[in-house]
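In the two assemblies presented below, chain A is common to both, partnered first by chain B and then by chain C.
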Partner chain A sequence: MTSTKPTQQFTLPELEFLAEDTPITIIPTHRMDTLHFISGSYGPFQPPAHIEVPLWLARLLKTKRRCHIQAPTWLNCRFLERKYDEEQRQPDRFSNLPYQYLEIAHVLVTCAEDDIPQSHTIKRLIQDLREIRQSKARAGLAAVNPVYLQMDHLGAVELNEIRPVFCQAFNHLRKLEKDLGDYIVPSYEDTQSTTSYSNY
Partner chain B sequence: MGDYYDIDDILADQQLNVDIPGLATDETRSNGDELQADTTIELPLWMAESLAANDFVELQLPRPYGSRMQRILYASCRNVNFHALCPYFYKFGLKLSLALDEPQLSELLADVYRQRLELVLDAAQRSDAQNMVEFISQLDETEKQTYAIAKKSTQAVRQWQKGDAKLLQSAEILTCFQSAPS
Partner chain C sequence: MASDNVFVSPEDSVMTNLSPMDAVEPTVDELLDGALSPYLSDDQDGDSPFVNEDVTKLKHAWVNEKQAPDLLPYETQLVEDLTEMLQFIEALQGEDAGQPFTVMLYQTEVERIKYLLRSYLRTRLQKVERYAMFYSGSEEHLSRMSAGEQQYIHQYRGLFETHMTRTCLDKLPESLRALDETTGNIPWNDTAVVCRVQQDVGEISVTETETVEMRRDNIFLMPYQTVEKLLQSDQVVLL
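Up next, the complex of A and B:
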């Protein structure tokens, strides 16, 4: 029997779907009238004028070869390399990347490979970033306590990945450490200045 | 505490035996002896607990939770084979610490779980899972559960990145309603 209890996490296609609402700049290649959708109207498209549309529309137009996609400012090698250095320099905190960076990069790299300069290097850098952040999230989870856990700048996919594990570990620890008599919850300001996840 | 219908919980109850001085066993009875005080025997926890509640017996920690084992865990818990010690090491330990009123035992268990959590996650997120079989077999049931959950969510991300998970599927809850007889 299948349970009617909703699962604890989103599926990855669902996350990708949510990320597709992100506005992105495109350069249309054909002249088109305004397009009307339930979510809003976009256009008119007059090449070579730039126009901002949601990612799902950009992807649709791109597959029909009606536009070029302009990569977001953070999706280039220099920026990502700098972020990677930052991740390495600060072993106990995450660098500030867009919340949905994995999904957006995934969509753009798969559907608009030709519009993104050095897309192969970008793919590799994104993977590197993901791995270094994954190992940090792992170390952060090991510092879990029965009161709370703080990890700033974690992306949607990364959060979604650790959510079920965290819930289980948290519940288990709470049962074991029921007696929280003199447990002091560290204040947000204290943890801000030292590390981004608590070690108490 | 505990879930009445949780089969793991029920199994945990039966796991190990608690040493109990002061009660006769079947053997002594068949020998025609009287109940002897101060003998040590092992009983399932569910029985020992109720006997202790009525002050018939005094409970002692079983070997996998004894002071020697606790010292080993304090030193390093990473290579201890929990599955051999007791498949429900944490759940049973928690019950013991409540039954015997030893809060430091459950605190130790929480510490141990936290330290081993990183190893478990490490194993779950590696791509060469075949090499981890030995490590996995040493985990207690709770840790195995954690491992399974972590592995599932990591694999989902990996599949999506490879492009294997393209379709947006209808939510599980909707298919449940659709298949339910009206």
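Up next, the complex of A and C:
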């Protein structure tokens, strides 16, 4: 283990892991008794009754062809199109999407493409949404100030992406503001933070 | 899917009504208020009574630990409970294999929780190593560590001191040889973190003159020291 500065960044697989406890509705194709997991009990699985399970279980069952996945209510063309319009109409704020929408959509589109109606259009729409939100998030850098910044409805992946730059900018502005009042010799940790960019 | 509808129970038909393919189309607001709420945060509150919150809590603990610049109190109870559960499940599987498919499902969950535990403990150890000199002299930080971590930090400090003395300090004039809590890295609590408000907090002051209202689900970029208290009382989580 190295003693480099611990990074605040998550990797994309880590973010996906964190999103995999989201409940998802499935339609099992095989009968199965109730499963007693450490995190909770799910079942009994009685096709074709719908049942809610965590995403990781849904993915596992899907890859073993033991269920069909029902796309979440927000993962359909009409809803995403409306969200895209909303994004365009409000250039200064983000529309309300699930916090982990990119991760969930990615898992579902990769493992259950056949269960999601119009999955190609959905992929395109998600990509469009991601791009318009990304450019908004980047434009938000201008709003960084040394006090606080409110950024409601930002997604996990988007946040993780802008965090290094935003936090650095914030920390520098804070230091500058402080230094204006009284000159402080930068401590070891402060000087480190300016060079730790390569960690990201 | 349409043919399945003949068999669905009343609860299930509610879900199918929400399906986008149906004739009754919910408005965006309805979707947001009702159906979306379980997805809005990664918490699974309001679920069936069989849900064990420990895994969700540990997930938060890991994310908080990863984001916070300073060491947070060790989740003794949580780690103990989950470790016990893991051992119990693994012992159970050793005795009675059961159906290979269900065993595989259980094993997957066990691996997921183990991964989470490892990530949590590793993130802490990274901090312990980086701030070893400072933490080992601070009663407050030592009290936030588990017995294992305390042992680790003392041994690490010993090794570090021996190494530094042998490689360079011995060759320096005596007045420059000091190696104490103030040498090395010190956590910097004024650094920026991103947090989500879990419940309405109301106004908090961010500077001498300015206040900001924190409502549920708001996301803020703020200095860590501003939200430190709120984090301890679980009113915010770091993201």
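In the analysis below, the second predicted complex is superposed on the first by the 175 of 200 C-alpha atoms of A that agree within 3 Å, B and C clash if a C-alpha of one lies under 4 Å from a C-alpha of the other, contacts with A are read in each partner's own complex, and residues count from 1 in each chain.
By our rule, contacts are C-beta pairs under 8 Å (C-beta built on N, C-alpha and C of every residue); 3 or more make two chains touch, one makes a residue touch a chain.
Since this is a predicted model, take the numbers as computed values, not measurements.
Trainee: Is A:P13 contacted by the first partner chain B, the second partner chain C, both or neither?
Mentor: first
Trainee: Looking only at contacts as defined up top, I'd like to know whether chain B or chain C touches more of chain A.
Mentor: The partner with more contacted residues on chain A is C.
Trainee: By the touch definition at the top of the document, which applies to A:L57: first (chain B), second (chain C), both, or neither?
Mentor: After superposing on A, A:L57 lies in contact with chain C but is clear of chain B.
Trainee: Looking at A:D21, would you say it contacts chain B, chain C, both, or neither? Reply first, second, both or neither.
Mentor: A:D21 sits against chain C, while chain B stays out of touch.
Trainee: For A:S39, select first, second, both or neither according to whether it touches chain B, chain C, the two together, or no partner.
Mentor: A:S39 contacts chain C only, not chain B.
Trainee: Which chain A residues come up in both lists, the one for chain B and the one for chain C?
Mentor: On chain A, the residues that contact chain B in one structure and chain C in the other are 3-4, 6, 14, 17, 144, 163.
Trainee: Touching residues of chain C toward chain A in the complex: what are they?
Mentor: Listed in rising order, the residues of chain C that touch chain A are 1, 4, 7-9, 12, 15-16, 18-21, 25-26, 28, 31-32, 35-36, 38-42, 44, 47-48, 50-52, 54-56, 59, 63, 66-67, 82, 85-86, 89, 101-102, 105-106, 108-110, 112-113, 115, 119, 122-123, 125-127, 129-130, 184-188, 190-194, 206-207, 210, 212, 217-223, 226, 239.
Trainee: Using the touch rule from the top, collect the residues of chain B that touch chain A in their complex.
Mentor: Answer in residue numbers: 1, 90, 94, 103, 106-107, 109-110, 113-115, 117-118, 121-122, 125, 142, 145-146, 149-150, 152-154, 156-157, 159-161, 163, 165-169, 171-173, 175-177, 179.
Trainee: Of all residues in chain A, which touch chain C in the complex?
Mentor: Those residues of chain A that touch chain C are 1, 3-6, 8, 10, 14, 17-23, 25, 27, 32, 35, 37-41, 48-50, 56-57, 60, 64, 68, 70-74, 76, 78-79, 82, 96, 98-101, 104, 117, 144, 147-154, 156, 159, 163, 166-167, 170-171, 174, 187-190, 192-193.
Trainee: Any idea which chain A residues touch chain B in the complex?
Mentor: The touching residues are 2-4, 6-7, 9, 11-14, 16-17, 106, 110, 127, 134, 138-139, 141-144, 146, 157, 160-165, 168-169, 172-173, 175-179.
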